[in-house]
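What follows is a set of structures for review.
Here come two complexes built around chain A, the first alongside chain B, the second alongside chain C.
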Partner chain A sequence: MAGVLRMREAAAPGRSGTARGALVRLVLVRLAASFAVLWGAVTATFVLLQVMPGSTADVLLARSSVTPAIRARLVAEYGLDDPLPVQYLTYLGRIARGEFGESYVLRRPVWDEIAAQLPDTLLLVATTLLVTVVVSVLAGLLSVNRRAWVRSLFAAAESLVVALPPFWLGLLLLTVFSFTLHWFPAIGSSSPAGLVLPTVALAAGPAAVVAGVLREGLLRAMEEPFVVTARARGIGEAALRLRHVLRHALLPVTTLLGWIAGSLIGGAVIIEIVFSRQGIGRLALSAVANKDMPVVVAVVLVTAVAFVLLTITVDILTWVIDPRTRDAGR
Partner chain B sequence: MTAEDPLVAVRDLTVRFPVRRGEVEAVRGVSFRIGRGQIVAIVGESGSGKSVTARSLVGLAGEGAHVAATELAFDGIDLRAVRGRGWRAVRGRRVGFVLQDALGSLDPLRRVGAEVAEPLRAHGVVPAREVDAEVVRLLGEAGIPAPEGRARQYPHQLSGGLRQRALIASALAARPDLLIADEPTTALDATVQRQVLGLLRERVGHGTAVLLISHDLGVVAEIADHVYVMKDGLFVEDGPAARVLESPSHPYTRTLVGAALGRAARPRVTPGGSPREVLRAEGLVKEFTLPGRGAFTAVEDVSVTVRAGETLGVVGESGSGKTTLGRLLMGLLDPDAGRVLLDGRPWDGLRGHARRTARRGVQMIYQHPLSSFDPRYTARQILEEPLRAAGTAGRERAVRVARVLEHVGLSPAVLDRHARELSGGQRQRLAIARALAPEPQVIVCDEPVSALDASIQAQVLDVLADVQERLGVAYVFISHDLGVIRGLSHRVVVMKDGRVVESGETRRVLDHPAHPYTRALLDAVPRFAVRGRLRSRA
Partner chain C sequence: MGAALRPATTTPAAWAGAVLLLALVAACSPGTAGTAGSGTGDASPRAGGTLRLAVEKEPECLDPHQSPTESARLLTRPIVDSLVYQDPQGKFHPWLAREWKVSADKLTYTFRLREGVTFTDGQRFDAAAVVANLDHVVDPKTKSLLAGSLLAAYRSSKALDPLTAEVTLKRPDSGFLAALAQPNLGIESPITLKGPASKLCAVVVGTGPFKSETGFTSQKGIDYVRNPAYAWAPEGTKSGPVPLDRIEVTVVPDNSARLGALTSGQVDAVTGLAPASVGTLKSTPGFTLHTTRFPGANYSYWPNTEKGPLSDVNVRRALRAGVDWRQIVKNVYFGVYDGAQGPLSASTPGFDGSLAPAYGHDPAEANRLLDQAGWTGRDAAGYRTKDGKRLTLRHMWSDPSVSNLAVQIQAAAKRLGVEIVEENLDGGTFVNRLLAGDYELIDTSFSAPGPDVLRVLFSAENIPTPERGISNNMARYDDPRTEDALKRALDAASQSEQFGVYAEVQRRITEDAAVLPIYSPLSVVAARDGVRDVRFNVDGSPDLSGVWLAS
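Take a look at the complex of A and B:
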């Protein structure tokens, strides 16, 4: 350790170049690892769909009664009677080439379907994240230097909000703000006003959780010796919180936010239904119910890719926030 | 600098803190003055109230503190009337504060330059576009080499001495009239300590007054004009530094003077061990690579042997490779060349279970025990963990815990407390007890007493000597403190730049050093040059 310290001294200026190199390496390693994640996700999907009851041929033939000969031709065409390993490898090969095929049910290319739904979902996730961050940072900063009972009040309110089921909150918001006050539309994905209520319903829980974590982080950081030093320099309490303490508290929060954003992509389904919105979650739900294999696979892949990208984003954010992690790759 | 016009005038200062039942009076009515351009020191051991006294001058005595005084004035400002925002004009601008704990006092997420710039920006000392240049100038003034590069670095990339100097630069940035320095040299080795004291003295030359808080009379003797000796919230003695140190009248001052002269911290060298070797290192080499910067050799061709029941002292300044050597001996690092043999068996040949079993034979004690304890663990859990890992049964564990507790002189009452609820001395005893629990043959002690007060230091060293006498455990004792090394070690190795430059019997090496570096180390120890001072003043 002593030796290490001295070595760092020797290597004083201009280290940022190598530190940036370390970040690039980190991202590359993450990307490589993400292929394993994607492969795992695709394989798990295949297995799950195989063990689910009902045959794919029935799905394909859902709306028509056909002769056994036609049915047999269909089965052969889709390779449904091949041995499982062969089906699996064909499936992997198609995905690797980016051929997701057509939806069994909607009879449209899967990508068209995804492309139609994704913008709505991403927009909702983005607004939800934004509201989560703004609300939790405000709540955290406002509550942290209060008396203990004020903090307990905040904590109690947060527990209550976390305990609210989002669909119930959604219905409540609809009743009050759409049906009674007519402030916001009750359905639809198109207008910005239509985004407000679903965002609130989705962000409430995460915002409450993040606010709690953030406050704990702030409280912990406020006890660090550098806080007294900063105060002794004559800076104001607001500057102390924004310049020093908040960054420390944000470290655990970034990881949490990454996870929240990832789970919202496929997990906003209940809110999408309550507010009659389009979205990936809804698409996934109907695809699973219909055993619409191509769509399910595509949704899983999109979600997995989103998680991978978010993980890398969190890594980069951590790298930006905490200089100590930059030397860790040594 | 007349007595009628002091910079700081304090009369009957009391500071009370609310505790669960009632209050604790940390400062119980102290009065002192600091003249312009004067160096005043408050000396006392931890818990004496000296830090709280100093912090009261900037309104940072602590959460819930009740500060009262019949006079509390800084340059004509009645500090008792200052509230909230009013303090901001005083803090940083008029009074610079260097807090204890250089490691934690710089925000680890911000560049050193930004930290130093903070008082400049907060008080608008220089125009915004000149801040960067001013920061570089301040860092250079504080004796930091290549200040442009340092300003862009983060605190963890700086050594302890550099961080301490950066902190002082930050406290001096707005050119305050008073600099309060709380233990500015604790945990710094002798050479750096000297540089930091030189820096303080130089500022005084520019008219800044200094309030120095320290437990180390050796430091105070070097630079203070006037000394207040504090014990249990009261000043027991004060006077010109030379007088107080030369002829202390209060028994407590005498203890402190004794400690500084190395009298109190006089641990025993135990009768010593058998010729049996328990730990042997042969030709150890350890390099660290920096991305894009090649290799740095922290330990180069080091061979040492440790015999049962003896203490091997490892001396050197920070950066000499002492700690890396300790980690290699512990098997926490693998050497690039050479090998470590424990009881004749090499570490590196062992893997998995065998390695873990062998590890019980070598334990470690750190400088900051608190950070080596799980904050959620009670003392009992801390002591039981290594036993659990060794598969000791429940009833046997309780017996062993009681035994090691007795060895280190801790009462069983501490078992249900968390480490942070223990005093510094108790924590280090707990660390020793934990190291003893797996019944090791060797304990590597890395600066185990350098963060402790002199009298506590003596107690902990005593415990170490006791344990060695009773259990025959061997120590590898890493320290920059030659006094401590001399008091405890049978043999000593002196390290510089990763190499052993001298080794042998402790007395031989320290009394008749052969290598110029050993002589330089011995010379850098702050002397109690009271007589010399008196002469120079007369």
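Take a look at the complex of A and C:
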């Protein structure tokens, strides 16, 4: 590899100390900003739930007719009759103290419920990301710099996959691989075999998108002068793509993956339903429909925290992948 | 249950609708269900084995004292026994109470309890346990969503001796025994009632044929094991040891996934199949359909009798006669559902079958009634008008699964010159408009095990208003003579007297066309052929306690 590439130079031993300091500063600045993000998310949730039609008490009690005494008790206990500013401040105070309380509808401590649903969600997000990365990198590397019609073929396949509705793909996978071939279970999320189909259904869209973005990046990087230099030094085609070109193309992909991971945490509802999986998405869906504020807030916070952590991770990864960004950090 | 053809519930609005529907379907008190044959015929039950069951819905909270949902009843019936047992025909039998006496003023019930019954946590069942349970349901701290309806008349209870419990009511309530027979007033271990209410939402301990120590996990399900000590099945049911060793219930919300899991042998039985899937299974060898009509109110259109065009009884009668409801039901639901024959489903104890002719199709009569009501003009689109105003009815709904049906009804109404405007709303807006009475038609079914449901649906006390909150008289029907009959029904000294009064109520409601009944929802258990003796409880939910596996 030697000192041909700028990225290598930038990471030269003499400058690594300052670079590490920049990284620490980057993380600190990000952390401070994250608090603002979390406050924003929490406030937006409060406002949106208030704006939703229907009073919380009515929606909560839609499940049956209760005596006025019970209704009054529920309203008093949840503070639903307090003026909005009071409700908002009480609500912020509780969150600041880490008191998320009990779900209005599930009647259990919110964190118990989150803790019960989160592991399955995280597992699915992790396998989905892994599959997305592996498949898109393979597809990207295989398709780049081939004849134009090969690239078009890949692009067409990707568009097709992106256009597939996830629930339809899920049902199709279930029908073929579970109901007909009996390879994988249709229900029961705990076993590794049970993860396969939901992961494929969930990763298909993101993998196709990322593969497309990656190919564009690779194509652009292949035009860069350093490719000519590297080739002139006699590097093999595979090594060129893997070590040099891919590194350039990975930058936009990293950002994209961070966003995908964040959105999967609360956004995998349909796959969770089709595959009867436990998950945060289903929890969030029913909580919003029931105006179950404590649960909605907790889900929003979990998702926001995940986004913040992912953003920081993406920044660190970018820092590792592209030394040019290290200067910008100062 | 209005939810025929319910697809994967994929939108928040759909979810809200489903929840609300569930809610409306859920409250109330007991009566009867017709039991479908379960294709046994052969031999005595084979003991042992695990039944794997996939269900479509889950309770928010397992504890039947707190949660009014149909799924909480289904999932706790194997765990909790009741003082009295009500068979699917509506008759009462001894269960945890060996016998009972009602005082002449119908205010005091004295229960002699069965001896030697223990909870699965080792506690003894006695009169103090009965008192603790009833007090727990009415305790405001329990925030029971049921106490208001099931134990509305309850004053207090006390233990006269370890095996005698006395319950005092505030006013006579002929539905009290039926309420006691529901899992919602099932007897739980008193020690667990003192613990946190949140724990009861996962783990319920009773005296029933099964126990579940790990309890219910939301979005997943619940596993039961046989209670080896169980020897107090209700009288009049098949007694003897409980056949199954285990039951594993998984929540599988998607209809296609449930059907596929069954046909591919991943589960032994499923509940809540959509009509199209029921049709598919009928022609699939190796599987048996066990069905019963849900007792209670049919899936119906509820006309706003308080204001708007439908406050005119002639317009309501015209709509009832002018739309061929039965043909539409046949077309939309593949012949799986039966058309309605009255306000109540035919499987409800106390159902009056003599009123069926009033629900026949007669378009000529419908047009005559509309002319008589003054809707004689016609506008450019062919709709009837009066004083230049079009005859428009706003049908408000929030459950998309019924849209096929709604479209057919809309088309049939158009042939009469009546415009139905379909309004698909989010849950919150739906609730606001319901409370304000700002609609002409609402649709829902309301399953309940007896004719007491008529009070829930037609008493003026249950008209939803902003002050009262959600209530179930969606027709906003307010008729003094009906009100008087509903009071007499509560006072009835015997079940036959009670049924007589409720027959009168059904007649009044039919005369006033206070409801447009459409079809009787079905409780469906689809199982592989090896699953035997699938029966149904009085509320239409499947009874798992007698099920056995022939293979």
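The rule is simple: the second predicted complex is superposed on the first by the 302 of 330 C-alpha atoms of A that agree within 3 Å, B and C clash if a C-alpha of one lies under 4 Å from a C-alpha of the other, contacts with A are read in each partner's own complex, and residues count from 1 in each chain.
To be clear about the criterion, contacts are C-beta pairs under 8 Å (C-beta built on N, C-alpha and C of every residue); 3 or more make two chains touch, one makes a residue touch a chain.
Since the structure is predicted, the reported quantities are computational estimates derived from the model, not experimental observations.
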Practice problem: May I ask you to decide whether A:V86 touches chain B, chain C, both, or neither, giving the answer as first, second, both or neither? | Solution: neither
Quiz item: Does chain B (first) or chain C (second) touch A:L28, or do both, or does neither?
Solution: neither
Quiz item: Touch check for A:F167: first (chain B), second (chain C), both, or neither?
Solution: second
Quiz item: Taking the superposition as given, does A:I270 touch the first partner, chain B, the second, chain C, both, or neither?
Solution: second
Quiz item: Does the superposition put A:Q117 against chain B (first), chain C (second), both, or neither?
Solution: second
Quiz item: According to the contact criterion defined above, which of chain B and chain C contacts more residues of chain A?
Solution: C
Practice problem: Could you please specify the touching residues of chain A with respect to chain B in the complex? | Solution: 1-18, 21-22, 224-226, 228-236, 239, 243-244, 247-248, 321-324, 327, 329-330
Quiz item: Which chain B residues qualify as touching chain A in the complex?
Solution: 58, 60, 85, 87-93, 95-97, 99-101, 104-111, 118-119, 122-123, 146, 148-150, 152-154, 156-160, 162, 167, 170-171, 174, 286, 288-293, 296, 298-299, 318-324, 327, 498
Self-check item: Touching residues (chain side chain A, partner chain C) in the complex
Solution: 52-55, 57-59, 61-71, 73-74, 77, 102, 105-109, 112-113, 116-117, 167, 171, 174-175, 178-180, 182, 185-189, 269-270, 272-279, 282-283, 285-286, 288-291
Quiz item: Which residues of chain C touch chain A in the complex?
Solution: 8-10, 12-13, 15-16, 19-20, 22-24, 26-27, 54, 60-61, 66-69, 140, 143-149, 152, 197-198, 201-202, 217-220, 250-254, 256-257, 260-261, 263-267, 426-432, 435, 456, 462, 468-472
